[in-house]
């Protein structure tokens, strides 16, 4: 996914921040100080590091590459950039990461992206179409299937569109609440006691969604400033419902925007210099 | 077990080495250069290090404390003396040691001592008497149960007496060949393919024993110089048999004796100085 | 999140009568000072868990702290038996001691599975051994791919794990170095983790792949220099092998043992206690 | 016992058509040079195993080396899809690619179990996921202590594991440092292990608990400076994120891909090959 999304239309340009910035700041605010967070690459990584650089200096960021309690100066492009190891408290093997740190029950928040989410917050990062005959083969689940069940709760972050918000995902890579919203409730007790609450927030560039109590269907609980309900309806692949008490998402504060922009600027400068290296070497 | 056993009677005093030295040198010779050896503490550790200091400089010594390819200058008193770590190629966790290095099938020779061995080379280091009402509670198996089955072969080293060489051990801590000598032969194939040959040599201060082909009963295959068959019979708790082709164990060579004595002298000096430290501190 | 506490406060707050307590350390970094504090505070009915119960557990058993021992090798390494443990097992003195006995491989797997959040460990083990006949916690599963029968054991999940380590930084992150044993696994498998350290430092200043326990995996840290004596701390002081040898005579005799414990563990004022084992 | 060989000789001797080969590296230390040598030697019908197949596997798949992929995440990290892999899966070009798909947790457990000599790994996983419906290697066992149903997967036992590492000493002991991934497990789980290193040194000179692979766990070592480029080697050179970004356009087009491979992998003389990615 691209890191930089221009403001999309004139109405939004009136705001002093982009929708992506709105999304990132909102996601960052969801992370409490001291929380242990298992961080997916891309948007979640951006939001988690923004949290660390603003209100949550002691948030513990853990990447599946084995880097524990890491404090990167620039955003990693990959889940295993050197920056993550160099600024980590310690780096463990990948088996240890998944066994002791994730499955061991030490993660408060699993912070995930995905290609698609459905109305019961199930995630698809495997493929579009039929498994044996896919229309689009996606990269696959990676760490997500177990991040989604072993973390105490899960935050999901992705851009809102009919392509990403579908009624039913073609493939459940990572459990939200299952095909009928009741899969977690119906787990046998020996399993349930080790499985987290599942997705509690889905943060998009338009709004924040949460599972409705009981049905676990995703409903809009907070709308970003300047976004209409119709716009959310148009960008959602099912008949999206709105909570009885929909709030307006607080706008980004100046400090967060400043920190985010500085982080992205540092990151771009860093990656550009890497690119320059490559250009030089490719010319040889 | 004590490291220093005086020559036991006048007949032996004519030799320029003790029975224990004979045992240790014989055991050391059994270890080939380049062999990976999982080393028990005490007599096996002494013999394995003697091998390393003489004909087998590249023998790989592994102790269950996690120390891989270690080259101690002095013999460790415990399985985890600092010397073992300081001179090791690397030190891994104890779970990794048992999982990746022992169970992983990387050990050529498991080198064990025990309180008792029986005629089918089963080892007892658990207790004398009944488990729920023991006459003598021994320390227990430690690593031996799995060293005995996961190593490609097992060397056993202990002093020869009616107390240590019993017809049937009260408790099989570590499998030799089972109650009837056929336990390894009768393992299901899925298990058998991961289980080693078992004990191939039992080295004592009087002789060397080996399992007889077919029955797997221990028989004497080599007698140390100056030892009579009757002496071995008197020191064995069952009617010990002698192989058709019993050899005379080669006497220790001067180089081995010199290396062994120097090793023991270094070790004693080292431990005495530790003792002196304690005396100082205990006086406070 | 790790809190720096006095050892007295840490033990008093977290170690309760009847708890399952693992004071781990594989020859190296054995938390003697913490065990002595448990003895002084008179804890009873403990289930003691440890791969290699040595002199410290001999002392705790001899002082009547324990009703049960989960272990794989109980001896004085390189010296011989634990006489207080034998007295408890063979003659019920000062009280009977129930044993739940494993092999090292099983205990190591069981801690590892505990750290990994699993209810059981699966291993190839106990083949031909009599241990499964006397330990009901040794069962078997069948591999659904190969049909191989493998040993299954419940994971070790102590109520409290106690370890000794080289150092903690200001934030309470802990470095364990050298023979690291099962200490990381014990801490991660336990409900509560207590750590004693040689010293508190500004920075751990170590290798990227060193064995470091983050502060948020630990409940309390106590700074106890020489807290592992007569065991040792790699980089700080050597194992006092002489003491291990001398323990044999002390522990053989009930009265000599009681006198030693009174003189060296129970009665000293705390200022003196911390100097046990100091070379000067 | 590790033998120092040229990369050409190591691949030629140990990697056979039809073998199951794991070129591991979790973003860091990916053995690109070794993979390129496999491509140059024209190996076919390989089963490629890896947690995170990235550009290197895109190249091997695009060049027709592989008939099957065992994996858990196949993408260009931080950039997007692997277009050569997609072309093989979606359109069978240059040949169909069979997928055996796991989660990271499962692959990590499966390597770990392979290193541990077990036939299966047991984990709490795949709960509510559709992956068990499409992967017959995901089964279940029941814990005999708690009754919990747990996922079981066969351990990963590749014929050949290939990794890149920082350095080897004269005797062939190898140090892996930084993000160590599953490299140790892959080497210990494999029948044959090949290692490329940045340099050969007199002494590894590292921490007591560093990730070191003894020479006797390795079959061949090849000294290949910058052998991980465009991935990176902690302490030697940084990840070439620019190249990863530029790959997207190269790989989208069959002809552009073929031209790039010809120019940068197939045709260069070995002297030139080793300078791919050199900054000067």
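The letters A, B, C and D name the chains in turn, as written, and every chain counts its residues from 1.
Convention: contacts are C-beta pairs under 8 Å (C-beta built on N, C-alpha and C of every residue); 3 or more make two chains touch, one makes a residue touch a chain.
Fair warning: this is a prediction, and the values are worked out from it, not measured in the lab.
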Q: Quickly list, by label, the chains bordering both chain B and chain C.
A: D
Q: Determine the set of chains touching chain A that also touch chain C.
A: D
Q) If you tally the C-beta contacts, which comes out ahead, A-D or B-D? A) A-D
Q.
Suppose each chain is reduced to the average of its Cα coordinates; what separation in Å results between chain A and chain D?
A. 27
Q: Report the inter-chain centroid distance for chain B and chain D in whole angstrom, where each centroid is the mean of the CA atoms.
A: 41
(Q) Need the CA-centroid distance for the pair chain A / chain B, whole Å please. (A) 57
Q: Find every residue in chain A that makes contact with two or more other chains and list them.
A: 85-86, 91-92, 99, 103, 150, 190, 194
**Q.** In chain C, residues with contacts to at least two other chains
**A.** 117-119, 123-124, 143, 146, 148, 178, 180, 184-185, 208-211, 234
Q: May I ask you to sort the chain touch graph into line, ring, star, complete or other?
A: other
Q: If two chains touch, include that pair; go through all of them.
A: A-C, A-D, B-C, B-D, C-D
Q) In their complex, what parts of chain C are in touch with chain B? A) 26-28, 51-52, 71-75, 77-82, 85-86, 89-90, 101, 103-105, 108-109, 111-112, 123-131, 134, 143, 146-149, 178-182, 184-185, 211, 230, 232, 234, 238-246, 272, 275-280
Q. Tell me, which parts of chain B touch chain C in their complex?
A. 1, 41-42, 64-67, 76-82, 84-86, 91-95, 97-99, 102-103, 122, 126, 131-132, 134-146, 148-150, 171-175, 178, 183-184, 187-188, 190-191, 194-195, 271-272, 274-282, 284
Q) Mind pulling up the chain B residues that touch chain D in the complex? A) 34, 36, 60, 68-69, 85-86, 88-92, 99-100, 103-106, 150, 190, 194
(Q) So in the complex, the part of chain C that touches chain A is made up of which residues? (A) 1, 115-119, 173, 184-185, 188, 208-212, 214, 216-217
Q: Enumerate the contact residues on chain D facing chain C in the complex.
A: 117-120, 122-124, 137, 139-146, 148, 150, 152, 154, 177-178, 180, 206-211, 234
